[in-house]
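Next up: the structures, one after another.
The two complexes that follow have chain A in common; it is paired with chain B in the first and with chain C in the second.
Right, the complex of A and B next:
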C-alpha cells in the first residue's frame, strides 16, 4: 500500500486536482471541449518534454531546448519572408534543430563536457543566433503565410462544436514515436542502460558515445518541432518566444519521474507531468485566480511531488 | 508517508478553496484582463486604473499576466471563453493572438483592446493618438525655431505606431517653406536606441560644424532624442539653441526636460486615462451599447519644463 502510494502519489495528486476543478467548475471543466483545449495549450510543452525525456533517461539534461525552439521559429519565418514555401521553411527549421541537437550531443559525448555546461553554452549561442538572424525583431503579419498560421487553428471536427486540434495530433504523434523508441527498440533500452550505469554499459560493448550523440539530436529535433508549433500558434516568430519551455519541460519530466519505482523517466509519466502543469493553468484561470498565485502553486506542487516521492524512497 | 502525503494534498486543496472564495465574491460582471506585459510600467498604470474603475462597478476582475509569453495569452483567452466571462480586455498585438480571439468571439464574449492595436475581433481599442502626439511636438519645433532652419528627424518606419508619427512630422515641416529636413535618420534600435542615435547625431554634427547649421532635432520617440542630446553636449554645442523633442515622456526624458537643456518637450500618454476609458468601453458594451468607433483616443499632453514636475 505504502509503496503503491509512493509510486502513484503524483498520479493520485493529478486525479485530485482534476476532481477539485470538476467540483469547483462543474459546468465547463470536465467537458470534451475543455480537455481538447488543454491538450492544445500544452502541445508545445508536451513535445519538448517528450523529447527531453530521451536525454533525461540517460541522466542528462538539455538546457538549450527553449532557445532552439525560438531559433527554429525564426528560421522558418525568415524562410517564409524570403518567399519560400511552408514546407521549405519547416524543413529548414527542423534541420537546424537536428544539427543543433547533434552539436550538443557531440560536445557531451565526444568532447566530454558535462551536459549542464555544454547545453548552457549552446542555450546562449542559439538564443544569440535567433537575435542575430532576426535583427531582434518579431516577424509577423504578411510575412507568415496563412497555410502556416492556419495549421495551429485547424483540426479534425469530431462533432459540430468539438474539434480535435492539429497541434494535439502532432503532440500525440511525437508521444507515440518517443514511446516506441524508448520502450520498444534496442536503442531506447540501451539509453536506459546508460542511465543505470554508464560505465557498465560501455564495458558491455555498447557504443555509449554514439547513443548519447543521437539522443541529443532527437532532443534538438523535438525543440525545433515545438518552436514551429509555437510560431504557427501565434502567427509570428520572436527570438525569445520559446524560452519558457525549457524549465517547464524539465519540471514535467521530474513530475513524471516521481511515478516510477526506480525514479526513471518514462514518456507516459512525462505526459502526466505535462497535464498537471496544463490543467492547473487552465483550471485556475477558469476559477479567476490571480496568475501569480498560479505560479506559486505550480512551483509548490512540483516541490511537493518530488519531495513526497524522495522522502518515501528514503524511508523505504 | 501515506498520511503525510494526504495531509499535504488536502492542505493544497484547502488553500485553493480559500483563494477561490476570495476571488468570486459578489460579482456584477466577470472581466478577464489578459496581457504578457504587466511588468512594463505603462501596462501597470492602465491595469491599475482599470481595476479602480471596476471597483466602482462591482466587477470581478481577473488580471492574467503571462510574463512575456504570447502563446500563453492565446491559452488564457481560450480558458476565458470556456469560463464564459462577461468581457475580456487585452493588452497585446491582436494579430499575434487571433487564434484565442476567435475562440472568445465564438463564445459570444466581447473583447476590448487596451492600447492593443486595431483588429476586427475587438469591439474597440483604447489608445493614444499617435498622429496627434507627432503633430504637437512637430508644431512645437516649428514654432520654437520661428519656422526657419535645418531640422534632423529620427524616425522608425518599420514599426507602424511609430511610422504614423513620422508622416505627420513630415507634413508639418513640409508646410513651412523655410524649414529644411537635413536628414531623416532611422537609428538601429537593437541596443535600445540611445547609443546608435547618439552616433548618428555625432556624425551629423561633424558634417555641419557651423553654429546655427542645425536648428532642431525632432525624434519620433524619446530614446533618439536622448541620444541626440548626449551628442550635442559631448560636442560642446549645447549653447547653440538646438531644440530637441521626443515622444512618450519616459522618466529619463522628463529628467532631461526638467534640467532645462536642449531637450525641451515630449508627449505624455495618459495611461491612467486609457485604463479608465477601457473600463468605460466595457461598461457600455455590457449595457448593450458598444462604442461606435473601432478606436477610442485618450488625450495626450505636451510636457515642457513648465509642467514636467506636475
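Right, the complex of A and C next:
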C-alpha cells in the first residue's frame, strides 16, 4: 500500500484533480477544445520543464531559465524592430539561449560553483541584460512581425471547431527530443549515471564536466525556445514575462520525480507534473477562483507529493 | 582499578561475523592499545562503545556497573570520548568557541559575549593539558589537523574539569596520528600522557607498531572478531605482536597459478610523484600479479589513482607495452586499455540506482551504440549477462538494480565492468574487501585466468595472505615511497607484515 502510494500517489492525485473539475465544470472542462486549450497554456512551461529535466537528471538545477526566456524574447523582438526577418530573430534568440546555458554549464562544471549559486547569479545577470537592452520597455505592436505573432495563433485544424495549436506541437516535439536524448542515447544514460553517483561515473571514465557543460546548454536552449513561444503568443516582449516559469518548471520536475522508484526525474513524469499545474490553473480560472488560491494549492500539492514519496522511502 | 570491561561481544552484519566473543579490559590511568588487521573487528568494537552499533550479545561494564550504550548521547553521558581522523569541529568558529560549543559562554551585562573571558577560559583548559602554542581566538580552520585534534581533546577534557556528570573518563583514539607530522604526534603523545596521569583510560587504535610500543602500557589483539591476547608492553617484541595479529593461516583457499609470467613489460611507471607519492618506479609484466602493500595510507591506493589520473596530473612517466602515455583523467585510462577498480565500492564504484547492465556498460557505452548515438539496450544487456557469467554473478537478470545485490555480488559487478573492455592492465584497489569467502575465491580464480591470458594485474590489498598467495611480487610502500620490492617466493605473511610495519624482517624472508 505504502509503495503503491509512493509510486502512483502523484498520478492518483492528478486523476482526482481532473475528476473534481469534471464534476464541478461539467459543460466545458472535459472537452477536446478545453484540453487543447490547456495544452497550449502549458506549452511554454512544458518546454522549460522538459529541458530542466535534463539538468535535474544529473542532480543539478537551472534557476536562470525564467530570465533567460525573457531575455530571448527581448533579443528576438529587438532584431525584429531593427528590420530583421523572423528567422534571424528566432536564430539570434536561440543562440543567446544556448550561449547563456553554456555559460551556466561552464560555471558549474569547469569553475566548480554549485548550480544553485551559479544560476542564481546568472538569473540576475540575464534579467538585468533583458532590462538593459530593451530599455525596460515592452516591445510590441508594429515592431513584432505578423509572421511571428501569427505562429502562436496558428495550428492544424482537426475539426471545424477544434484546432491543434502550433505551440502544443512545439512542446510535443521538444518532449520527443528530450525523451529520445535522455532515454535512448548514451549521452542521456551518462547523465543518469552522473545523477546516481558522480564520483563513480567520473572514475568509470565518463567526461563528467563536459556532459554537465552541454546539459546546461540544452536547458538554456529550452528556456529561449519558451521565451520565443511566449513572445509569439502575446505578440510582444517585455523583460519580465518569463519570470514565472522557473519555479513552476522545477515544481513540475519535482512532481514527476515522486513517481519514479529511485526518485530520479524522467521527462514523461515531468509531463504529468506540467499537466497537474496546467489543469489546476485552467480549472480554477474557469471556476473564477482567485489565482492566489491556485498558488496555495500548487505549493501544498508539491509538498504533499514529495512528503508522501519520502515517507514511503523511509518505511521501505 | 578497572574502568571498562567488555565481555563476550558478538556482532554480525548480514551474516558476516564482525565480532565473536570479543573482550577488552581497560584500567584507569593506562594507555591500552587495540590492535589487529583490517577486518579484525576493531572498528566494530569501537562503534559498539560509541553507541553506533548495537551488539548481538555481550556485556559492557563501566566502573563495575553494567551499562547499555544505545546512542552516542549515552556514550557521552557515560564519560566516553572519541577522537579520530575525521574530527567534528566547526571550522568557522574560534578555538575557544569550539571548546565551549554547546554550553553557556561567559557574558557581560547578561547579553553580550565576554570574549576575553571566553578566551581566558579556553587558554586555561588548553594549559591544563600542557598545550600553550594554540591561541584561543584563532579560527579552527586555520589550525593544523594535529592542533585541531588537541583542541578536540581539550573540549572533551574540560567536561571533567567542569564535573558534568562524567564519572569515568575513557578516551577512544582511532588512528589519531594518521594525518599528523612527527612534531604533532609528539605533542599529542604528551597530552595523552597527561590524560593518563589525570587517571583517564585511553584506548589507542593504531597500525603503527612503533608508536604503540612507545606509548601504550598494555595491548589487546583482535583477530577475526575475537580477542587473541592482552599483554603488557614491557618486554614484548614487535614480531610477537605481528604474529598475534595475523595468526597462523594456510595457503588453502587460493587457486594455483595457471601460467608463467611473461618477460614483456605491460605497464611501466617511472619517477611517479604527486602530493602523496615520492619517486615511485616499477614495472608489471604480462601475466604478472604485482601486489601493493603497506600500512593504511602508505601510498598503495595513491599509486593506482595517480596512474589512472583520478586526482589529476602527476610528475613522472607511465608507459604501456613500452609506449609512453599521458593520462590526466580516468577517461583516458579506460581508452588506453587500463581498467580501474576503485577502493570504495559504494562511493567510487557503483551507481547503485542503476541496473547491473547500466553499471557494467558505463565505461564502454561508446561500443554499444547504433547510428552513432542510440544506446543498443539489447547489446548492453547481453554484455552484462555474458560478463556476469564469467564473474559468476548471482542475480535475477541484467536489469536488476545493483543496490539489491549482496556486497560480494556488487563487487563482481564492478569487476565485470573492469574486464568488459578487454583491458591489458587491471589496476585493482582492495578488490576483495568486504566480500564473502565464495565471491573472494571467484575473484581470485578470475585473476588467475586473466593473467594466464597475458593480462597484467596491479593488486593493492591490506589482506596480507591475499598478497602472499596471489601476487608474484609485492611492492611495500612506506610514507608514499617504495620501501622495497620483494618476490613472494618463500615469503610468508609474517615476513610481509614485518616489511609493512618497518620492523626488521624475519630471517626467512
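The rule we apply is simple: the second predicted complex is superposed on the first by the 314 of 316 C-alpha atoms of A that agree within 3 Å, B and C clash if a C-alpha of one lies under 4 Å from a C-alpha of the other, contacts with A are read in each partner's own complex, and residues count from 1 in each chain.
To be clear about the criterion, a contact is a pair of C-beta atoms (placed from the backbone, for glycine too) under 8 Å apart; a residue touches a chain by one contact, two chains touch by 3 or more.
Computed from a predicted model, the values in this text were never measured in an experiment.
A.B. asks: Should chain B and chain C be called a clash or a fit once both complexes are overlaid on chain A?
C.D. replies: On the superposed model, which is not a single observed complex, chain B and chain C fit side by side.
A.B. asks: For A:196, is the partner it touches chain B (first), chain C (second), both, or none of the two (neither)?
C.D. replies: second
A.B. asks: May I ask you to decide whether A:301 touches chain B, chain C, both, or neither, giving the answer as first, second, both or neither?
C.D. replies: first
A.B. asks: Quick check for you: in the superposed arrangement, does A:264 touch first (chain B), second (chain C), both or neither?
C.D. replies: The answer is second: A:264 touches chain C but not chain B.
A.B. asks: According to the stated criteria, A:44 is in contact with first (chain B), second (chain C), both, or neither; which is it?
C.D. replies: After superposing on A, A:44 lies in contact with chain B but is clear of chain C.
A.B. asks: If you stack the two complexes on chain A, which partner ends up touching A:204: first (chain B), second (chain C), both, or neither?
C.D. replies: Second partner only, chain C.
A.B. asks: Once the structures are superposed on A, label A:160 by its partner contacts, choosing first (chain B), second (chain C), both or neither.
C.D. replies: neither
A.B. asks: In the overlay, work out which of chain B or chain C sits against more residues of chain A.
C.D. replies: Of chain B and chain C, more residues of chain A lie in contact with B.
A.B. asks: Figure out whether A:187 sits in contact with chain B (first) or chain C (second), or with both, or with neither.
C.D. replies: A:187: touches chain C, not chain B.
A.B. asks: Could you say whether A:234 touches chain B, chain C, both of them, or neither, answering first, second, both or neither?
C.D. replies: After superposition on chain A, A:234 lies in contact with chain B alone.
A.B. asks: For the overlay on chain A, what angle lies at chain A between chain B and chain C, C-alpha centres, nearest 10°?
C.D. replies: Once the two structures are overlaid, it is 130 degrees.
A.B. asks: Quick check: superposed on A, how many Å separate the nearest Cα atoms of chain B and chain C?
C.D. replies: Here the least C-alpha separation of chain B and chain C stands at 23 Å.
A.B. asks: Residue by residue on chain A, keep only those touching chain B in one complex and chain C in the other, then list them.
C.D. replies: On chain A, no residue contacts both chain B in one structure and chain C in the other.
A.B. asks: Hey, which residues of chain A end up touching chain B in the complex?
C.D. replies: 1-2, 5-6, 9, 12-13, 16, 20, 24-25, 28, 31, 33-34, 37, 40-41, 44, 131, 135-138, 140-141, 152-153, 230, 233-236, 238, 240-241, 244, 281-282, 285-293, 297, 300-301, 304, 308, 311-312, 315
A.B. asks: Under the touch definition given earlier, write down the residues of chain C that touch chain A in their complex.
C.D. replies: For this pair, the touching residues of chain C are 308, 310, 329-331, 333-335, 340, 342, 347-354, 358, 362-363, 365-366, 368-369, 373-375, 401, 417.
A.B. asks: So in the complex, which bits of chain A are touching chain C?
C.D. replies: 184-190, 192-193, 195-197, 199-207, 262, 264
A.B. asks: Please output the residues of chain B touching chain A within their complex, sorted ascending.
C.D. replies: 1-2, 4-5, 8-9, 12-13, 15-17, 19-20, 23-24, 30, 32, 60, 62-72, 74-76, 78-80, 82-84, 93, 95-99, 102, 158, 189-190
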